[in-house]
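Reviewing the structure listed below.
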Amino acid sequence: MDFSIIINEYPFYLSGLWTTTWLVATSLLIGLLIAIPAGLLQDHSWWIIKWPIRAYMYFFRGSPLLVQLFLIYYGAAQFESLRETWAWEFLQEAWFCALLAFTLNTGAYTAEIVRGVVATVPEGEVEAAKAYGMNRWKTLKRIILPNALRRALPAYSNEIIFMIHGSAVAGIVTIVDITGAARVVNARYYAPFEAYLAAALLYMCLTFTVIYLFKLWEKSYQH
Amino acid sequence: MKAPTLSIKNLHKSFADNHVLKGIDLEAHKGDVISILGSSGSGKSTLLRCVNLLDIPSSGEILVNGELIQMRKDKKHGIVPASIQQVERIRSRLAMVFQSFNLWSHLSVIENVIEAPVHVLGVPKKEAIVKAEALLQRVGLYERKDYYPGQLSGGQQQRVAIARALAVEPEVMLFDEPTSALDPELVGEVLNVMRDLAEEGRTMLVVTHEMAFARDVSNKVLFLHEGLVEEEGKPEIIFENPSSERFKQFISTVY
Amino acid sequence: MFDLYGYQEIFLEGAWLTLQVALLSLLLAIFLGLIAALAKISHSTILKSLATLYTTIIRGIPDLILMLLIFFGGQMLINNLSYNLNEWINETMTQYYPSHEWTSYLPDYIDISPYFAGIVTIGFIFGAYMAETFRGAIQSVDKGQLEAATAYGMNKYKRFTRVMFPQMMRHALPGLGNNWLVLLKTTALVSVIGLQDMVKIAGDASGSTQKPFTFYLVVALVFLFYTAISSVVLNWAERRYSIQTR
Amino acid sequence: KEWKDIRIGVEGAYPPFSKTEEDGSVTGFDIDIANALCAELEAKCTLVKQDWDGIIPALKARKFDAIIATMDITEERKKQVAFTNKYQHIPARFVAKKGTAYEGTEEFMKGKKVGVQRATTMDLYISDNFPSAEIKRYGSADEAYLDLIAGRVDYVMADSAAITDGLLSKKDGDKFEFVGPKLNDPKWFGEGAGIAVRKENKDLQEQLNKAIAAIRADGTYKTIQDKYFTFDVYGQE
Amino acid sequence: MKAPTLSIKNLHKSFADNHVLKGIDLEAHKGDVISILGSSGSGKSTLLRCVNLLDIPSSGEILVNGELIQMRKDKKHGIVPASIQQVERIRSRLAMVFQSFNLWSHLSVIENVIEAPVHVLGVPKKEAIVKAEALLQRVGLYERKDYYPGQLSGGQQQRVAIARALAVEPEVMLFDEPTSALDPELVGEVLNVMRDLAEEGRTMLVVTHEMAFARDVSNKVLFLHEGLVEEEGKPEIIFENPSSERFKQFISTVY
């Protein structure tokens, strides 16, 4: 095994690391903004609100991220009429397609987490809030969300990790993220083991940082 | 005469085809302490829960301070509150101690106690804390004020729940077996607290199995049986001279 | 329906292959997961740290990278090993019998088919996630429930089969179901290691027909169909294991 | 050692050299050559499909014994594997939308989007000559064509014959054309495409060399060539 | 003389540095009903839990029917049971009613009751069901036999827990506040059931807050205070003539 390759090509990996990080971070952030209302409203009594949200969550949780990305990236280009519109300005960029796919994907998964933890807030605690005259918004803000947040942390840290892992498919649509860098290095040196091992190490750094930060956060709730 | 603090008229409640309450009437004036007795499953908790609309009555009227809680027909649920704002306003004037405490598990003891005063009634936080600490002193839990509910024994949780209810200075207090998890000594202490409240002129509805409390502290006793008020009256009268066979039997078994 | 430009037949084969890979890896994952979970809660430090190492490393590396690593690296390792062993035997033989001719005693190559590699890789990856699910489920069974079993004289085995397992399933099912759905979708990546699953076929087909949207949409729909069926089964199972409350 | 059982790695996404049919089988020039060589060697051949990216590592990992996939013989690759003599030689070219200007200078290509298949000689050529261009690397040439049609890249570089078959002869092919000269600088493109084998398999390399010579001599090569091309794909002897 | 059914000698129990039990001695003969009194947190539950080794004592001896539960030293835990088989055998002859019931939530009421007889004692299922139904009749829950614990009120759960304990026909029954969730009538009924059991000659250890029960049913009372037996003796004697100040105070507050 020859790791001098990796040392030679390290700037390449570093820029890949940066691409992965900002892609994942941005999509997580926007995804969360989608997820909280989606998770809370997917059980709304109006079908006009409920069903589109459920369809969205169903589609993005039900099919592979890789396929979603292909569908957005190569699929969108199949329609010539679309290419004439302003949307093409964005869709023609690989990074935008990846960001879009990732955001919608994590949004759907996180919405499911929100739904799950909110549903398991002990009924009695919600009743107590009602009994003390809190309105729906206040109950949500003061009791349900803080109570749920603590229990959502493990699931959400998993979601972040899944997202970091999932982002590896970005390398398939010409984006030079960590995996993309490894692919290029492999292509040049025909050393898959070294190239991908280096990528694996970088991903590990990312995930363990996330795990560590969440452990700290969870600890602050222990009582 | 002033309107009664709480007035319940012909209250019915069914769960599916289980008809639990079959027409309850009740009137509580300022300073009344009403004990609700009844065997297990007779609907005592359900009655309390209907008062602040945690369970929605199937029919009947509830008035707080003469204000009728407006209901409207609903296809799915029979009737539902017409104005959720009204319900919330009224709830903020009632306080409930749940049979299973239902403390907020993500808040510490003191936070549990100040939560409603600060975030529902808008009491300044500092002020609320001062009062909460006094209340915790009163129920003997001042040292545990930074514990979380999960770290307390059953009896301790129950006392926190009582402090939480007292903190909102409610017009009506609803107690659902407030001493069930306590040892006799603590029972005595908690009942003393409730006696004080009674003397302060607070209106209370107390579901209890403590006959002594029913007899000595309350000024009215209600005995529920099969969804109806089977016996009702001043304790000194009905304990001496029960008119209902069932109630006679009920109190005769008490040790 | 969609016009698949003559690709429908092979596409169906790909869809079937996807399902096979998913189900077989699920079996492997559950098996590995239970073992690792038991290892994690055992009192043996060695077992514990082995299981922890396994789950931590898997959690740290993306499936895609792991697949590439195991597929290329694993293959290279096995085959070089077998090759070098042959060389060594032959050389030793030649020393004693100079007339000896080179033969391959062990197969010159051991062909890890992408099918097998895919199943092993995915099973191995998800075994780690299953381990966490099972461990969590075991630990979330109310302690009082087990104490009652203990107090009534049940032994370890009875406690597990009569109380722990039925109650654990309730806690494990949501996680198990989730893992299955994620696993199912992860099979999309096996195309990368050369398995002719439906994603790979869609890729080839959209290249030669230049209709990527059509093909990838069909892939997505097939996956949605699979997940829909899974959800029905999972819901049934969850109801079966759920406790009745008032 | 006699090779009677040979597994051959092919790609399957590089028409007309190799392409995947609707029923999943692989066909094409490379495939026909492979079969002809095996017939010549009287060996049993198994074709193994493998993505281009991983084709050399897979050879080294013994997934197969030889690669017949229009692989140019370059110095870089020779460090990894051994090559037979060439069995074809086709120049690489740029393709772009009709009317697109092209100059083969670094300055001109600056910032232009160029699509290329990852790990090919074309990839190296562009990386070395036009480092300031925006290079987009794809897993297969087909994907690069898709993005050229979609307008995500300005140029695609590939083997000229592959471009003709994979893009220009397709439905919207008439909107595109070759730009710039044929490129076959041996520094990047080597001396043509050969069959790659593991370095230790000298015997196989020799046998294949003989077989190549044989099929060229007996006319089999010409028959196959005419099936796919109207020009000579072998180049100079 | 026959060996005592249960005998505890110099039992100590600490949780980390919290020394809860500081040397308890106790002897129960066949037919003894021993009430254990004490304020909240005095270690009553812990004592019961040590008897069937749910909590492992820090030191001390426990004998059931004269058979010593063998312990061996352990680096981590101080002492641990030497033979888990022996412990399991002994446990199957004891039955416990937990303070928090601990009904098996995945089993219906009747399944809860037959679980231990069928799967631990090997009673044929049919036979176990017949007996279980009789027991459920006795605690007034026959109609609920196919309900799940989550669907029952607190009092109902407690009665199921008692039926479950009775079903194994234990030699010693350990009750941890068996009536805390019951109304007075049911308290009466359950205490009657326990009185019957006493008359059948079953040995019982009962943690309770019901002074009346302690006085009328049990033939021995133990008052725990700060990890020690503070007062002990026949109820008719110690209730009349308490020797300890603390116990005097404890019973004086009882309503």
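First chain written, first letter: the chains are A, B, C, D and E, and each begins at residue 1.
Just so it is clear, contacts are C-beta pairs under 8 Å (C-beta built on N, C-alpha and C of every residue); 3 or more make two chains touch, one makes a residue touch a chain.
Here's who's who by UniProt: A = Arginine ABC transporter permease protein ArtM; B, E = ATP-binding cassette domain-containing protein; C = ABC transporter permease.
Computed from a predicted model, the values in this text were never measured in an experiment.
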By the touch criterion stated at the start, how many steps lie between chain B and chain C (ABC transporter permease) on the shortest route? 2
For chain E, the least number of touch steps when starting out from chain A: 2
Which other chains touch chain C (ABC transporter permease) while also touching chain D? A
What is the chain whose Cα centroid lies farthest from the Cα centroid of chain B? D
Which interface, named by its two chains, has the most contact pairs? A-C
Using mean CA coordinates as chain centres, what's the gap between chain B and chain D in Å? 84
Could you tell me the distance, in whole angstrom, between the mean C-alpha positions of chain C (ABC transporter permease) and chain E? 48
Per the centroid of Cα atoms for each chain, what is the distance between chain B and chain E, given in Å? 32
Where does chain D touch two or more other chains at once, residue-wise? 54, 57, 60, 143, 146, 149
Could you pull out the residues of chain A that touch at least 2 other chains? 74, 77, 172, 192-193
For chain B, residues that touch 2 or more chains besides their own: none
Can you give me every chain pair that touches, using the contact definition above? A-B, A-C, A-D, B-E, C-D, C-E
Chain C (ABC transporter permease) to chain A touching residues, read off their complex: 57, 59-66, 68-69, 72-73, 76, 174, 181-182, 185-189, 192, 199, 202-203, 206, 210-214, 216-217, 219-220, 223-224, 227-228
Which residues, counting only chain E, touch chain C (ABC transporter permease) once they are in their complex? 52, 54, 84-85, 88-96, 98, 100, 102-106, 115-116, 119-120, 147-152, 168
Across the complex, what residues on chain C (ABC transporter permease) touch chain D? 5-7, 9-10, 13, 68, 72, 75-76, 79-80, 83, 102, 108-109, 111, 192-194, 196, 201, 203-208, 210, 212
Given the complex with chain A, which residues does chain D contribute to the contact? 53-54, 56-57, 60, 76-77, 80, 115, 118-119, 123-124, 136-139, 143, 146-147, 149-152
Where on chain E does chain B make contact in their complex? 38-41, 99, 153-156, 180-189, 191, 209-213, 216, 250, 253-255
